[in-house]
Amino acid sequence: MNIDHRRGITDLYASTRNLSLNICAKISNEDHIVQSMPDVSPPKWHLAHTTWFFETFVLKNFLTDFKPFHEQFEYIFNSYYETVGDFHPRAHRGDLSRPALDEVREYRSHVDQQIHGLFDSGQDDENFLKLIEIGIHHEKQHQELLFMDIKHNLFKNPLYPAYHQHAPHTSPETKPYQWLPIAAGIYEIGASADGSFCYDNEGKRHRVFIEPMEIANRLVTNGEYLNFIEAGGYVRPELWLSEAWNSFKDQPESSPLYWVRQDDKWYEFTLHGLQPLDLNAPVSHVSYYEADAYARWANVRLPTEQEWEVAAQLYDHRDRIFDIDHLYPSAQSDDSFDIMGQLWQWTASAYSPYPGFKAEAGALGEYNGKFMCNQYVLRGGSIASPPNHIRSTYRNFFPSHSQWMFSGIRLAREV
Amino acid sequence: MNIDHRRGITDLYASTRNLSLNICAKISNEDHIVQSMPDVSPPKWHLAHTTWFFETFVLKNFLTDFKPFHEQFEYIFNSYYETVGDFHPRAHRGDLSRPALDEVREYRSHVDQQIHGLFDSGQDDENFLKLIEIGIHHEKQHQELLFMDIKHNLFKNPLYPAYHQHAPHTSPETKPYQWLPIAAGIYEIGASADGSFCYDNEGKRHRVFIEPMEIANRLVTNGEYLNFIEAGGYVRPELWLSEAWNSFKDQPESSPLYWVRQDDKWYEFTLHGLQPLDLNAPVSHVSYYEADAYARWANVRLPTEQEWEVAAQLYDHRDRIFDIDHLYPSAQSDDSFDIMGQLWQWTASAYSPYPGFKAEAGALGEYNGKFMCNQYVLRGGSIASPPNHIRSTYRNFFPSHSQWMFSGIRLAREV
Amino acid sequence: MNIDHRRGITDLYASTRNLSLNICAKISNEDHIVQSMPDVSPPKWHLAHTTWFFETFVLKNFLTDFKPFHEQFEYIFNSYYETVGDFHPRAHRGDLSRPALDEVREYRSHVDQQIHGLFDSGQDDENFLKLIEIGIHHEKQHQELLFMDIKHNLFKNPLYPAYHQHAPHTSPETKPYQWLPIAAGIYEIGASADGSFCYDNEGKRHRVFIEPMEIANRLVTNGEYLNFIEAGGYVRPELWLSEAWNSFKDQPESSPLYWVRQDDKWYEFTLHGLQPLDLNAPVSHVSYYEADAYARWANVRLPTEQEWEVAAQLYDHRDRIFDIDHLYPSAQSDDSFDIMGQLWQWTASAYSPYPGFKAEAGALGEYNGKFMCNQYVLRGGSIASPPNHIRSTYRNFFPSHSQWMFSGIRLAREV
Amino acid sequence: MNIDHRRGITDLYASTRNLSLNICAKISNEDHIVQSMPDVSPPKWHLAHTTWFFETFVLKNFLTDFKPFHEQFEYIFNSYYETVGDFHPRAHRGDLSRPALDEVREYRSHVDQQIHGLFDSGQDDENFLKLIEIGIHHEKQHQELLFMDIKHNLFKNPLYPAYHQHAPHTSPETKPYQWLPIAAGIYEIGASADGSFCYDNEGKRHRVFIEPMEIANRLVTNGEYLNFIEAGGYVRPELWLSEAWNSFKDQPESSPLYWVRQDDKWYEFTLHGLQPLDLNAPVSHVSYYEADAYARWANVRLPTEQEWEVAAQLYDHRDRIFDIDHLYPSAQSDDSFDIMGQLWQWTASAYSPYPGFKAEAGALGEYNGKFMCNQYVLRGGSIASPPNHIRSTYRNFFPSHSQWMFSGIRLAREV
């Protein structure tokens, strides 16, 4: 491992750890422990769990005189690693008023200091940097979860508190879709083993055959989605997957998660508070069911993840710049291809292993592989994805009914 | 209303409002918003709800220029008064990180100031003092709930944090039961209309016939209950009500709520932290099912609430002194009758209206009457009952499976 | 045991066993195995279970060469006797297409033959006749359950098949309530130990004090209940117990169980098929919640079981004649006291042990005692109660939400 | 449409309709109405629903004087066609003792007569034969469901009744796996539009790229699966998908559905009754979870449906002969490729639309497309699949936890 790489990782470690604290700097002490549904984790829990990850997978392996910061943190802050041991039930993370936020911050400092100590001591086991790197990317994932969870927690409060006090940008007018063609042929997708970081589920790189099709250059907007609603989208069974339609019987759903109807007008709850619905902005916080039904109504379909990734290879697209002060997706006023960094896009692909995929041995093998069942792949990253965490091979995944991530709709069609 | 009575009420108002804050003074800011099960409310919610009660039922009626402290607090802090309007779902009180604790304290001050303003202005509507009095007693009920809920919240944390850092008293040896006889005859029970405060469910005073029986002078101890467990109490269906036994199928229960088994020893979680099980102390936090099964095993029974109240009339018993620094029931080393202030005692009586009971008109009619179904009466108050809140006619009530209140077992028998 | 008593019992055994078959004679082979909700048992199961009762509690004890008819019938046809052993889960009785109905009938004959053999052999153990008697009354209870369960099963079929093809009687006009007074005083209630049959829960006879009150001479009618509905009865929270109101959130209830609204008219499903709602007939198949809410709306209350039983002692009432061809309650056109045999009447009394009650030892101790929790007492019998099975001390009991028994509403009021 | 094709279809209609009755001929009248879990339908319901299908989709469209056999059968026997109208709730099909079996048989005759009338009248609308053909294949699917549901119903009876009274064949010894290679390359899969029948989900035919791999020539046996169990297969979290492992918390699963442990020996419930576990026979009635965990334990994987279908094209395999008297899969004693007709094989593929798939317009569009979510594809047919109903492009699908279909495990591996 060369010095530059080591320095790069050290810096990335420091900036990543710092960003988590910055994200939480805008919320109150009390906001740190709310869990408004079982899928959500309290912000404090995220701060501690990401720290536990470094403690467990790095310090425990590389510190000769390792002693855990606190004996019971392993039980409390292990998320789901059965191989590591028993853990606190997920749905009860919101019960944990202790350790206090201050103690969690101290825990972070303590572990950071020890990690930096290892960096400084010139630790050069090949596995060391690899685990640090996984830990960094793991924390980046939790940074997006922090935005998702904070947003949901604030939304579940009838006072609708805002994360940012200032309003989001005003959206320009959008233009009609451009349909970008993909010709029939063999393509390669998946992460290459070129040394840059990726999760195990992104590999191995392999060939796929794609029949000819086209993909839309921009996301579906709130205005377009509103047309679907007003055309009776939610009450026409023929537009919906059977599982979706049956779920409506218990809990009728009639809009994306954060849409709020007040006095006959639509509003959207955002990290900038409750705002009048922006018709030009991309529709967000939709389930797979909704994305699929919208596409059926529009007489097109969702792309597969293979098609999506090939499109990302074939066509230019701008890099997104993460801006913690602007956490609302932007409407697109030109014909560019906004494939990355606005909203995660539901694909038609169930989350399955690529050919040749094999989960790692040991606890880190639980990172991805065991979730490859009854979830759908989303691609592209969102305005809430932290810096250096978006790439075209990245496979995000959620159950078909989930709405609380920053998800949107990209359309595709046969030719 | 004479001046002394007015002064008495004013002082009681001030000291009651103050005690709520004192109870919460020992817990952290973050501890204030935990809701570890739907039955529990976050401490901050209690502080606000008791304030809302005065605001809604007193200020709104007696302030000419009434303006709510915050428009949405009625929705957020109404507990269950359907007549008042819609309210935030009970199971989601733990989602409310806002209003912040400081704002709730400000809310309390604001309402207190206005109430004191009414006192000072010589407000003498006969209903005014009555509503103030109900509000005070309502807050006292929530003070006991604060202890119950704080205890449950801390218990659900694997760190087992203590409310008090110091250990409870050491218990002296108990003595065998004394059985206090009640002779057959007509007795009067229920609250007299003598002007002293009582809830509507305590009246009206009426006659009952009691067949001869005897009641135990002291509560069942942890040691005695442990004998029941060790004799297979929890695995013998013939000891249990059918409903209890069937509930075990899903969720096997094998001890009172706060008993914890570690390394083959029994501990009890208390407000003083996790403590070795005190065999002489009264067994606490048992359900009606457990009280009933224990009695059946011991070949006796539970008293009815009528028998209990008559016993309280017939036999001397000491007044309990509320001690916020000692919140664990005391073992009894002599032959006295500890009927009041140690633990609420499950009676064999379902919670039903007394002859001639009629709920008040309006929202306050929802206070008691609508809960008279599928609950059991408990009598006697506990170490967590605040001062001036225990009396022999007081009818507390909980569902048969509940364990989180300070409940114990008093036995009775036929003669 | 004298010869007349023995002959009486022998005859009663034969006629009771025969009636069960007669009740089932009107339904098809396939109707015998439906279980339209977990509370319901398939008719075939009733035929077998009542037989198993005699086999287990009589034959097994008194036949020297006892051999069960079938080894697994104990598992299949034990209802809830934990002391006897494990049993087939209640909610899955409807899965049992085997044993075939013919085999169950053979089982009945086989056991009957053996029981008659014991009669004929002059068996005179004092326990023998006692167990036969319990078995007979047990079967009578299941006869009423047969009517309840057959009715529910047929109702859950969208074809609304009728048990009887002929229409019920036409109802005469009812008259206003007569209010029958009970003066304050000590009364005796409960079954005397005079040798006539009663269940253990009816004793022992004991004294109660009753405050003065009045009880209505007739049941509430469908027409009166319809007024309650049309006055918004089901949408006014202040009329309902909290538990009832909360249950509406999941499953809105807006009429007694068997009322059906078609083309803006009310019908009632009866054992005589779907009939236009008979406004003069007593309202039936109401829950405790509904009986209680109706009484509150009418500004009166339900009687306690003590008051009910004393009224039955004080005032004349006609004997009801069981008529298998007429299974719909009769409207009352005069001022008589119809306290028995029309519909079971919800009382305000939770089902609790009488003073001095003690369940029998052994399996039969499970008959009644273990259900004394969160159920309400109903009194009076119904048109579906078999002959010789109604008496004024009889305590029937059901959970507060149940509607499928033949239940009605009798009102009481303070004076 | 030529005369031969018409005659072929007419005969196939007659023989198919006849087979349904033959399948049910071995069970009792009462067996026809059991629904032992919501997934199961009573056999009588299948007999009527398949008839309703012809009545609704053929007779209603092609009979000029169409009158439904019974007005309410559309409500009762519509399975899930939202476009057709409201339907009886699936979980309550077991409540329907009426219409009686005889009436359902009459319904079948009546519809058959009318369909044959249309054949005889020379009806030659192009859609007519197409709908008849779909109806025939629809009924074949229900024939396999009949076997599945009858088996489950009988199994849920503690008497374990057998469908066949005779024992299944004795299994010969199996041989080690042969691994059949598939070379990297482009292959075509899916049904060609050559006029032979297929469901809409089998098309359109399209190209796929397959990376090199190998597929096993035979299914996993009971003996091999038993090794997995005995090696702690069910208690090692690292072998299981997260969703599977979490489902065990509520309902521990420790064997394939029909394995029964008695006196320390394993038995298997079959259509031939309870039999000692046949170690050489293929393991059956496993969930996707179990198939996946077994493969992980064996250090291989499941094939994708694309790989499976290509293997079926590349390698010879014998035709299976449907034998209603032998309904247990056969062990394989040679090296042949038993890919068809023993057991449905779980593939690693989630059930998704093929490129270019478009559901038909109208109610029949609900046949397949709306279920393309959170289900897995099974391939190959089973011993319970009726004649002429197995082909290599056939895509069966079930949720990942389902076990009641005749499912087995075929392994694949990377090279």
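By written order: A, B, C and D. Residues from 1 in each chain.
By our rule, a residue touches a chain if its C-beta (ideal position, glycine included) is under 8 Å from a C-beta of that chain, and two chains touch if they have at least 3 such contacts.
Small disclaimer: the values here were computed from a predicted structure and weren't measured.
A.B. asks: Do chain B and chain C face each other with the same patch, meaning over half of the contact numbers show up on both, or with different patches?
C.D. replies: same
A.B. asks: Distance-wise, how many Å sit between the C-alpha centres of chain B and chain D, to the nearest whole number?
C.D. replies: 59
A.B. asks: Using the average of all C-alpha atoms in each chain as its centre, how far is it in Å between chain B and chain C?
C.D. replies: Inter-chain centre distance comes to 38 Å.
A.B. asks: Express in whole angstrom the distance between the two chain centres, defined as the mean CA positions of chain C and chain D.
C.D. replies: Computed from C-alpha means, the inter-chain centre distance equals 46 Å.
A.B. asks: Can the chain contact pattern be summarised as a line, a ring, a star, a complete graph, or none of these (other)?
C.D. replies: Topology of touching chains reads as a ring, each chain with two neighbours.
A.B. asks: Under the touch definition given earlier, write down the residues of chain C that touch chain B in their complex.
C.D. replies: Residues in contact with chain B: 80, 82-83, 184, 186, 206-209, 211, 213, 237-238, 240-245, 288-289, 292, 301, 348-350, 352-353, 355-356, 365-366, 370-374, 400, 414.
A.B. asks: Under the stated contact criterion, what part of chain D meets chain C in this complex?
C.D. replies: Spelled out, the residues of chain D in touch with chain C are 28-36, 72, 75-76, 88, 92, 94-101, 153, 156-159, 161.
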